[in-house]
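The same chain A turns up in both complexes below, where it pairs with chain B and then with chain C.
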Partner chain A sequence: MSVLTRLFALVVATVAVAAVGAAAKAPGSALEFAVKASYLTKFGPFIHWPPGAIPDDGPAQICLVGVDPFGAMIDAAAHDQQIDGHPLTVARMDAVDAKSAASCQIMFVGKPTAQSTADTLHAAAGLPVLTVTDRSRGVAGGIIEFVISDGRVRFDIDQGAADADGLQISAKLLALAVAVRR
Partner chain B sequence: MPLTRLSLARGIVARPGAAIVLALALLSASVLLAFHNEQVSRREDVQQLVVQSRILGGSVAAALAFDDQATAQEYVDALRANPEVDAAGVYALNGERVAGFSMGNVPLPAVNRLAKPHESGGEIEITAPVVQNGTMLGSVYLRAPIEPWTRRLSRYVGIGIIVVMAALLIAGLGSSYAAATEANRRIKAEMEARREAEEALRQSRKMEAMGQLTGGVAHDFNNLLMAASSGLELLDRTDDPKRRERLRQGIRQALDRGAKLTQQLLTFARRSPVNPEVIDLGRRIAALRDLLDRSLREDIAVAIDLPADLWPVKLDVAQFEVAVLNIAVNARDAMPNGGTIAITARNLPGSGDEEDRVALSVRDEGTGMPPELIDKVFEPFFTTKGVGHGTGLGLSQVYGFARGAGGTVRIDSVEGEGTVVSLLLPRSFEPLPRVVEPGEDPCAAEDRTCLVLLAEDDAQVADLVGQMLEELGYDVRRVGDAEAALDLLGDGLPADVLLSDMVMPGEMGGLDLARAARQRQPDLPVLLMTGYSAAASAAAEEDIALLTKPFGIEALGRELARLIDSTEIQSARGED
Partner chain C sequence: MIQISDGWSGINHFPDRDDQTKLRLERYDRVPERRNGEKRGASLRIAIKLAGAVPLLISCTARPALAQTIGDLQSMTIDQLADIDVSSVSKTAQPLSQAPAAISVITRDMILRSGATTLPEILRLAPNLQVYRTSASGYVITARGMNGSSEAQSYSNKLLVLIDGRSVYTPLYSGVYWDMQEVPPSDIERIEVISGPGATLWGANAVNGVINIITRDAGATQGFSASGQAGAFERSATLQYGGRAGAALAYRVYLSANDGDSTKTAAGQPANDDWHRLQGGFRLDWTPTAADSISLHGDLLGGRHGQIGTADETIHGGNLTARWTHQAVNGNQLQLQAYVDHEARGTLDGGGHFWINTYDLDLQHALTPWVGDTLVWGGDLRASRYLITGAGGLFFVPAARTLWLGGAFAQNTLSLTHRLDLVTGLKLEDDPYVGVSVLPSLRLSWRPSDKTMVWGAISRAVRSPTPFDTDVEEYLGSLLYLKGNPDFRTEKLTAFELGTRLQPAKQLSLSVSAYYNLYDDLRSVEISPTLLPLTWGNRLSGHSYGVEMWGTYRPFDWWTLSASLDLFGDDYRFPPGAIELVGVSQIGTDPRQQASLGSSMTFGPVSIDANFRQIGSLPYADVPGYAELDGRIGWSIGHHLELSLNAENLLHRWHVEYPGGYRIPRQVRIGVACRF
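And now, the complex of A and B:
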């Protein structure tokens, strides 16, 4: 158990170092992730969650599943942000099931660690959770996918998936999307 | 209430200066209203800009949140089409500008600070936060030109001119109305003063005339009394029947003239009862001839030329005779050296609205009158004769008579050649009554004597009238009051005529008696005697025959004969 845990930690650390290294290596990649982190915290005001999707007395939660490419940047971005009056917190997890997925309002699915992207998305499917992936970094699926367009961070929106999960996306946000799937 | 308000309003308007105050009030009210409208419109403009800024803020929320500068710029550029917006900007949360434009010379502020709408440099600046679902995402900035005063004023110039015109109109109308009211008041006061002055003048003229009249009449009467008393004295001293007869005639004449003078005065004073009857002018003038000859001097000739086919006229015979006499006397006095008075008459057929008239003209060859005198001759007491030679009542009596008969008088005069006085009298279409000669007893045809029931309280008068009646050939039954007369009639007294005094003691007067008698015996003719005109006009109204005191035996006989005759004619017709 401890060996496994230690090994896991090592892997995580390695991946993290590798990721940060990759970001550092790629020009402007730090800025790119800062922008993405900022965007993740700003989707909230443009999304309408069904009643009860956000616990009355709890915070709204951004879950980072798999590899976290943002680090402290997203914590800083989430600070002072709110969704429907709920403070925004960031939670990091390797894997989710339907139950833990239900505690998230926004779920960023990074590169898989303990759980495949498909499994992660599957766990959140049908739940009022805004799933976000980064297609520009090789992870696709979910309701919103980050893409790079004209050297800028943009996004595609799968409105059909959002409808299926009971989420309403503001027309203002849809208008900003590079592509909208219905 | 509305009346009070109206008069109150009129009172306010009528006060000078009130109209100007009203006009000023209108002006200031208009200015206040314009100012208020301007404020409201300004607030609405600002409100519109605020709304515009919010719309912009809402539109650019997502673009701001996700750094989409191009999209933000697109939204901002949409405002370029709005001429009321000079500059617009979208600012990120940290205050940095993301997108925007500025059309004026003043650039967009580099950093936006949220503030209330405020004016600066003739422009108004509006800022609004960009909030999405309670999350602040940035801010927007709008700058709009404030409409310059000149342009705003020009918008009010048209209505302003109208208001100023209206105010001027009110001021003008009001002050002229006030002036008119004031003038009207003054005119009324003047008219009142003038009326009073005229009244006073009339009164003083009357007094003056009374003086003149008293002098004239007294003089005339004095002469008559002189003639009568000296005649009586002489009568006592002579036994020569011829001389006595001449003296008696002289006395008689003097008394007649006195009676006529009194009659004339009464006629003038309109106290003489008017008793119009249909007459033939020719016959009447012919009957007047003797009187005319007697009244005029020896060197005055009277030429009467009347056509036989003159239309009948309806008038008061006594007044008519006085009028003709007056005209003739004037003509006589106009010819101090003698001459001819020509009396002519002719029919004047009317045309259109004018009725048929008969013109009776008296022409003299005298001195004539200047035109300015002609208008004055009808005025009472106007006379050109000296004191003692006339009363000035003559022509005014003529005028009064002519008007009373429904006609008029015309005077044509040429100085040095003579005067023509014409009586224009309306034609009467009533039939002429059968003429009864005085003294002709209507009952003689039936081989009997007519019976007169005489009601008179004054024993002396009753005695005198009784003798007159007997002289005329009537039987007389005398009573002292109306009740006795009615009793006799009730007892079946076969009276042919009832002759009664107008004023008698007892509950019934002559008029009541006449009514009661008529009720019992509708075919009984009634003749009332009176010297008082007010009672007489009452009788005339009821169509009761009237004899004015004093009267002579001739008049009494004529009137009685006429009454009995016409009643018999009527009853004869009734029996047909």
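And now, the complex of A and C:
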């Protein structure tokens, strides 16, 4: 798109927004979700999974349970990323049980579709799965909760829950957390 | 504990320029007439009109945006992710590493590792600030020069300082009482220091720089902590408790005390400037819904410090800020903030005193009118009421006023291409003395590669008149010696900036910015037709220029090195035929260069930090350049306890930093911090 076209489009768009006012349906906060998707693909190196938690010959898996707010962004973000030499893949599911949860190394629990948030987290409890929720969007619980702090996407860490699941979290990640519960 | 005092000392209410250099004004017992502050109804009406004009602004100014792709994010470290501003509501609409301005950031880690116990000492960590310690508790802080002149009563006044969105420069003369601005160092999340104008977003007074101090969310400071440092020259202690009431509400309360001994004057006589401060405060963060967050914070402060030849000066302050942020499902963000702020200073035993109360309401709205573009607009309304009780030959006429200030701004970031952003902004500000100022800016940033950004900017900023410019009356005995000028105009700046930020290797980052500042209508001391009284004029103009560069290099995970260099030049002139009273040096006597080197090492539980600085001599004053070294060794014992050894100014027994300033001594402090 040429610069002129974009300028024209901008003027049209801003006039439209001014006209329609706050009710205007602007595109969602794409950047916020892009950052969250990037986090999910970058937590790996800061987590120590117990031996055997990642299948020797298989990929490491990010599972998105419930509503997937990321779409293709997370597939792009996971592309070429690894955890301990295992390529990273993304799987989407509506519900999990203890068996299917065990195939995940990282589990993002979105807004519930077929299974309540509590049931999803319960299915993963005790397994070496890094459970992640988005408290800034109304889903809480798990080991890591995304929060928005001063305009930045940050997170709280529940170290007690990580210990219970046999995961060790590096000091570096703990230091980045807004709050750490022990 | 904290009361409003009614003492003060004439001219000494300006921070710590002391008697050594100041015009000695004899005590004079005239009580000035007091008139009640004039309401500025007209200003209010204009502010409301401005608010109505905002939709127009939106549609006719381009707006800056974030053009982040997944590819960009993928190449970032996790720390960089944590630093991306996804809200655009902090008025720096970009991730800091991409903001097209000369921004340096003092991180929490840097603050804790410096061992600094006061805000001005923490600000020495910013490579783009000049910090002069004038006495035991007095500081002058500038960016890009203009450090003022005590003899000419020209006080550094071109910096905007915000603590959690609350403006802390005083409307009385546009300078900052640094001894009244404290935040417990461990509660600071980060400090953003922008050198150069920021008037389009922040309004008048963001002329040469903006300092934005952001404290930590209460959820991040949970548990009990106690920390203290003690040495032969200064002591400090902080007690804090952070807790939760339910999952959605976190709070903290703190109490801190600081105490410092007297310095000596440049001539070696006791300066009698020992000081004490006690401060307490709280912060509460509440997230009632996933989309809303509310924070409420406040502080109370009381203190006193000694002065030569007159009674002690007392300081009292208090503030309360409430902020509501609403994040709409579509990503738009709305922020509403209100604060009240009280400051009072006075000299005991019948000296002069003043109080000033500020009430401020601020609205910001960030939206994404177009994919990849961001628009921020907002408005603010501020009322400041004050009463100044003169003494010692210094009076304000009228002694009381209410100053109304209103403004509206809009700034748009437009992604012209994937790698080219255009940021245009405009602020209209209506101040009580000169009416509406128009403060536009234009910024362009270009990212030729993921590791390189080049930016340029042209902007305009002003320093608005203050009561000190228009209302002051100073007497020598019964002789009216200086009288403010009711027709004083704004001081104006047009700034041209060019900068780059590079990350040539993963371990290395660099920032270089150059500026050329054109000033007009700067304040000058003028004579009246009858010679006396002197008055203020706007007859100085000129330019300043300089280069600021800084970088960090991290050769190993355990070692970070940093370096900085600022070069500065200026040339100010009077128009032909001017009387040139006090000369151009009344603008300031700024060092031509300032350099620093830092090293930060971590060996398991032990951290070793050193910060060396070299400041050039001050050209119009008899203040030689100096080099000094600060250092700290910290030792963490388990998770709960840290011991430290903190040193300032290790290289010399003492040095002087500012004309008429006192001897700043070497000092060593032992520190303990424990957390549960």
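Throughout what follows, the second predicted complex is superposed on the first by the 154 of 182 C-alpha atoms of A that agree within 3 Å, B and C clash if a C-alpha of one lies under 4 Å from a C-alpha of the other, contacts with A are read in each partner's own complex, and residues count from 1 in each chain.
Methods note: a contact is a pair of C-beta atoms (placed from the backbone, for glycine too) under 8 Å apart; a residue touches a chain by one contact, two chains touch by 3 or more.
All values derive from a computational prediction rather than experimental measurement.
Trainee: For A:Val178 in the superposed arrangement: first (chain B), second (chain C), both or neither?
Mentor: Once the two structures are laid over each other on A, A:Val178 reaches chain C alone.
Trainee: In the overlaid three-chain picture, which partner chain does A:Ala164 touch, first (chain B) or second (chain C), both, or neither?
Mentor: Neither: A:Ala164 stays clear of chain B and chain C.
Trainee: Is A:Lys42 touching the first partner chain B, the second partner chain C, both, or neither of them?
Mentor: A:Lys42 contacts both chain B and chain C.
Trainee: Just checking: does A:Gly85 make contact with chain B only, chain C only, both, or neither of them? Give me first, second, both or neither.
Mentor: first
Trainee: Check whether chain B or chain C contacts more residues of chain A in the superposed model.
Mentor: Touching more of chain A: C.
Trainee: List the residues of chain A that touch chain B in one complex and chain C in the other.
Mentor: Looking at chain A, the two contact sets intersect at 35, 39, 42, 46, 81, 152, 154, 172-173, 176.
Trainee: With touch defined as at the start, can you tell me which chain C residues reach chain A in the complex?
Mentor: Residues 55-56, 58-59, 62-63, 66, 68-71, 73-74, 76, 78-79, 81-90, 189, 214, 217, 219-220, 222, 247, 250, 287, 289-290, 293, 327, 329-332, 367-371, 373, 375, 412, 414-417.
Trainee: What does chain A use to touch chain C in their complex?
Mentor: 3, 6-7, 9-11, 13-18, 22, 24-32, 34-35, 37-39, 41-43, 46, 73, 76-77, 79-81, 135-138, 140, 147-154, 156, 172-173, 176, 178-179
Trainee: Once bound in the complex, which stretches of chain B touch chain A?
Mentor: 58-59, 61-63, 65-68, 71, 132-135, 137
Trainee: Show me the residue ranges of chain A that touch chain B in the complex, using the header's touch definition.
Mentor: Answer in residue numbers: 35, 39, 42, 44-46, 81-85, 152, 154-155, 170, 172-173, 175-176.
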